[in-house]
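In the two complexes below, chain A is the common chain; its partner is chain B in one and chain C in the other.
Coming up: the complex of A and B.
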């Protein structure tokens, strides 16, 4: 018996030795394979830099992008990542400076009247191939964006230019556009109707110049690669490896040689994973990163430089006002309005750093006549008042002829923040009003489809600004606005929107926005939830990074490195 | 053999056609479409977009156009990256996924066989207990957790050493591949280890091993050509599908380690209802999977001559 055991043992040890040999072979095989693969991957051209976050010697700043810029054709770009990248490398007639004020760009002087505008282009504005930026480059860019064949999603932002909408609808030829190059350095614009905020519109990327001969030479692939864009901003894209990295170098042809202080901005990583970017920041590989709520304590302990800014987004519950919907009833909405308190949602429920409790559709950072709009026109949003709320609920039941309000559908996105909010509303409406909410969770596009078709009672919605004027929020609930997903229809509100659109006098326009704000609250058109804030940390050696709610964000074009 | 291969290839083409058709109609029947966005476009703009992408045509006509273009190898233009063709996306990002995937599969395969053989040899002894505990962890902990933890560990190691031992994200050289590939292959390696172990144990107690021992064959020979070679068959079987699974399932790892692979396009396309990219990546990966299964079946016959390829 014992002999059998020893023989098994010897078999095991012999086999074990054999296995060890195999293991050694496997390891050397893998090493060889890895060498081969790294050669192969170097052929794909996707090498990441191993720079530190700031490098004073080469004057290089290393940061990251949240995602691959989907679109660097300025006539078609719609998203913030593309907007941020384009803001560094292309310059419009006007731009936002480091204090978020309108500053001259390609235009050295301009004159905006009620019916049109004249822009005088600077003589030394040049493309990255050395040729001058001319008025025709703007005319061509705008025509391109409005050309029905190009199907640009943001063509509507050019509709204020005369005949813009008709051209986009294919009813008029491109040449009929109310933008004319009088000579190389003079651009003459005619408006469709009087317009008070054109200076802010022309900072938008759809208004950026595109040079005709270059656009035509790349044959439909404009903006697809680094060498298929022409630059006139303070930086040029020197290398763009799709999905991996994007590198910018200072543009030697830029008209203001003092503006860019960095030699290179290296967007060396593309990741949407907030933990991954935090790890890169900890490893001193990138110079800034956004903080998640759970990392805030850690960041404070590490004594990092923590900043906060409002990214411009306003989030709220939108009611379905379509005929036949229970939420079309004023008293039912009033009851829900008086049963909620957005401060509770923000400070006790979602607890996201930097978020502000919502009180109005108009966010706190919008400018009014002299100072901030919300300081000049306080929202006076009603606080939670359960007694009043229940009285409204009784009235609603009477008017609707119902003993019990049947469950309402709350359409919601499928992400952690939406989930928490949806559950919060579900709970408080049940507790305070005895109302039942059914949560309908949908992923992005499906939620949009349901919003569009009106398949909801309440929906967690939000809005981000397109341009720096209260109108970008103010016309949202006009009966004709396609983004008025609840189909709210109120002639009084429509009238004030028209005033805000057509009026030239700032005071009268702001009064109109004040009225719109009052109606939205009094009629409980929406239930404001929060204004989104972003908390982020920066490398102490990096100075001059600019964040903004409207315009290229983040903006490193004015940044510099200190030793 | 040739007839068999040809037959399998024809079946494969039919399978791919079926995948393409099913995806096409499923995709068009899901609510939402690629032209919907946070901001609603005006009717003129929507009409322009529909005309540009051919979405204004009847669905059967769209299908015919789609299949015809697919046969010609043209998957169209992406909806989210409006100036990039899907072919270009696959062409520039699949190699990255493939490199990472190959390495992960090799890790998983070799590791699984070695660890499995080791645990079987030392059954119920200390190495077996430790490894099997790790295997349970490897199977049950999802790879986004493993990815995040291993990245954080790298950060801490780098901070501790004061020098960058390994980069924590990015793509380019061996140093970028090592950790992501191990993370990506870990789940499969754990699974293969268990499979190898049970398959080894089954063979150890079989008749032909006893005969081989009785014949007086040297232990290394018995181990290598009788035990390992036979035990490896089930591993090879699952390796085929897992090659495809690893190469396509790199989304999380690619996102955490900022690797420009195809995985994220594959996942984001579905979220964005990006019709052309969904179709392109699904058909491409579908064809890849079908091809891998055929290759494995052919390999099978080569490793075990008892299997007849009829």
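Coming up: the complex of A and C.
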């Protein structure tokens, strides 16, 4: 009996020893594998990311991009990331300087008249291959953007140039464009109709020059890679690893050698995750990062220097005005307008400094006749008034012949700021009006597609300015504007938009914008939410970073490093 | 030769000793025996009580804690558990144009009592200044000039007032004022420490049900804000109510899905095992095929197939996907058991005695596999709860404002560093539930194991 037990014991201990050996082998094997993998990943990963955010020795600044630049062909670029990158490496006729004033770019002098403009190009403006920038480069770029075959989304910004719209519609040949290279250094522009803000327009990336022979030599791949763009700005893209990093070096051919102070700007990371970039900033891997509301306490505790700036964008709920949609009903929209209070949204829900409660489509920074537009034309946006809101709701139900308004679909973006807003509005309308909202979260592209096809009742939308004039917002709800996603159609509003477009007298133009603002509020075309501000932190050794609402943002082309 | 003397008594039956046949303890059925062993296992018993408590929490809890889980209170956002909640009654907020008479004093000072509704600052014009910037911090400003949040930049020498309404909570704030001249040079730097008190208007107190009528209180009275025992989330919704209602979704999926798929798995597996042969091969290869189907993909496909539009709950397709794709594990287990039992002697004996197939299955096979089935079921519950939490976490589950533990975790993780209770509570509930079901399953396996029956 006892011998059996002994043999049993020895068997158990032998099995145990075997198991122990196996476990030790497995653990050491996994450890080796991990070490090998981390070694391999360090070789393939961002090789440039090992330095500090600011390096005074090599005069290098390391920052991040929010996303891979989707389009570096300046005739087709539409988004802010591409705009920011292009602003460092390409220069238009005019540009915004570090104080956000119009400054000479490739043009050394210019003359803008009511019917046209003349630009005199500087002699020492050079492309990055050493050849001069000529007037024909601008003519070619503008023709390319307007060419219907290229289907540039921002072609409309060139419509003020004579025949631009007709060329884009394919009714006239490209050569009929009202922009002519008189000689290599003189560009003569004719306007379609009198225009007061052409100097601001030419700073936009669609107006950047493109050289004809180079564009044709890359055979449709212009802007697709670092060596498939020609540069004439203060920097050139020296290395572009798609989806991972982008590196810029000072351009030796740039006409003003004093402008760029940095040798290298290294966009070493591409991430849209605010927490990821915050961690990179903490580790001194990048020189600036944007803060979210939940990071503010952390930033204060770390005693960072926090900055804010208004990025110029206005965000609002846009209604779908297409026939057959309940939101086409004036009283329903009015009820929703009177049930909301944007101050509550901004101060208690989004909680970011720099956000302003929205009252109008026209943001506070737009200039009017003498001072600010909104001071001369106050929005007088109605405050929350639940009694009146419910009266409007009753009227809406009568007009629509409904006892209960069925659930409405609120199309929203899939990001933290949109999510919290969507849920806030969902509860506000349920609590105050008994309206049910279904939240349709979509990623940016999908949301845009649904907005285009009109597959929504309400949508959390926004608009950023393209140029520094109220018209960049003012024509948004004109019946012909494709960016009027809710297809709002009001002849009276259209009439005022035409006035704002054609009128030369500043007072009359601003009056027209005042009327547009009044109609938008009285008819509750949109529910303004907020004017966006950006809260960010910077490395104290980096100076001269420029943030701007209109133009390339962020702009490091004037930045420098202090020891 | 002795004669064999047989008496009558020798032919009487032997006296049977009653004591031998009397049992030393009462006869126990399989279930009674299992229950005794389960009771002896304190860990399992404790888990069982936990599971019962959780069910009570979600089913009975809302009867006592009648707070609407979707009701937002933007004045009590991200409140930690048991935060102080006294609020002073004030008159309704009136917009301030800053033009009121400057209060006596010097430098940066308050124009009004600071409240959680607004902090109103005034300062004397600084000679030569053309713009001012106001900052606010939760930490004292030091020589490092960490001034905190930049609240506003004011242009013009005449702007000497500012009203701060941004996310004020009852605590101490450190305000700073910077004055600049036209060239952007700093001219002056002033600071002010402000103690903010929570306030509420009589109207909103009525709206919250704290008092019956606005006349019940006077300006300056102190009342208590609604109680939130577990705090509130990022929109001021009560965490306790959301956890109770979130548990419904989690436990519904956690119990309904395993029950359905284990049931199907048992029928499928026992059919395959009992019939055997070619049919068994065919059925089990089909089960292998189902194992290979990707769950997430089918979940999305079902969502589309059922016409679940945007903003609608994805719980039903989740249930269908779970049931349709998770049964093979159970069916394999049951088939194995049945195959084994089929060879046992008592089955053959029963068959020889003329038992029909149905009798064999119901009387012998299913009861003998019951242990395995129950254990599978208890282990399937936590895994289904996890699946629901995971899918809601990535946004495939419930639609807002319906809470579920997974979606609450998803929301809480964004503010993990500043308001950890929004993540900790739902995560704790998931962990406790999963652990309780796992330990209970462990205990049941031990209790139902027939081979341990004789072991005391």
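We adopt the following convention: the second predicted complex is superposed on the first by the 473 of 563 C-alpha atoms of A that agree within 3 Å, B and C clash if a C-alpha of one lies under 4 Å from a C-alpha of the other, contacts with A are read in each partner's own complex, and residues count from 1 in each chain.
Basically, a contact is a pair of C-beta atoms (placed from the backbone, for glycine too) under 8 Å apart; a residue touches a chain by one contact, two chains touch by 3 or more.
Keep in mind it's a predicted model, so treat the numbers as computed, not measured.
Looking at the superposition, the partner that touches the larger set of chain A residues, chain B or chain C, turns out to be B.
Within the superposed three-chain model, A:344 lies in touch with chain C and out of touch with chain B [touch as defined at top]. Touch criterion met: A:410 reaches chain C, while chain B stays clear of it.
Shared-chain residue A:40: touches chain B; no touch with chain C. When the shared chain is aligned, chain C comes close enough to touch A:308, but chain B does not.
Within the superposed three-chain model, A:26 lies in touch with chain B and out of touch with chain C [touch as defined at top]. In the superposed pair of complexes, A:370 makes contact with neither chain B nor chain C.
Of the two partner chains placed by superposition, only chain B is touched by A:223; chain C is not.
Judged by the touch definition given at the top, the superposed model places A:543 against neither chain B nor chain C. Residue overlap on chain A between the chain B contacts of one complex and the chain C contacts of the other covers 442. Those residues of chain A that touch chain B in the complex are listed here as 10-12, 14-19, 22-23, 26, 29-30, 33-35, 37-38, 40-42, 44, 46-50, 64, 68, 70-71, 73, 76, 78, 148-153, 155-156, 165, 168-170, 220-224, 241-245, 268-273, 275-276, 279-280, 282-283, 285, 442-450, 452, 464, 466, 482-483, 485.
Within the complex formed with chain A, the chain B residues making contact are 30-34, 36-42, 44-45, 47-49, 51-52, 80-84, 89, 92-93, 95-96, 99, 102-103, 106-107, 110, 114, 117-118, 121-122, 148, 151-152, 154-155, 158-159, 164, 167-174, 176-178, 213, 218-220, 222-224, 227, 255-261, 264-265, 271-273. Taken together, the chain C residues at the contact with chain A in this complex read 70-72, 74-75, 77, 137-139, 142, 144-151, 165-167, 234-235, 309-312, 395, 399-401, 414-415, 417-419.
Taken in their complex, chain A has these residues touching chain C: 292-298, 300-301, 303-308, 343-344, 346-349, 351, 353-354, 407, 409-411, 414, 416, 420, 422-424, 426-428, 430-431, 437-442, 535.
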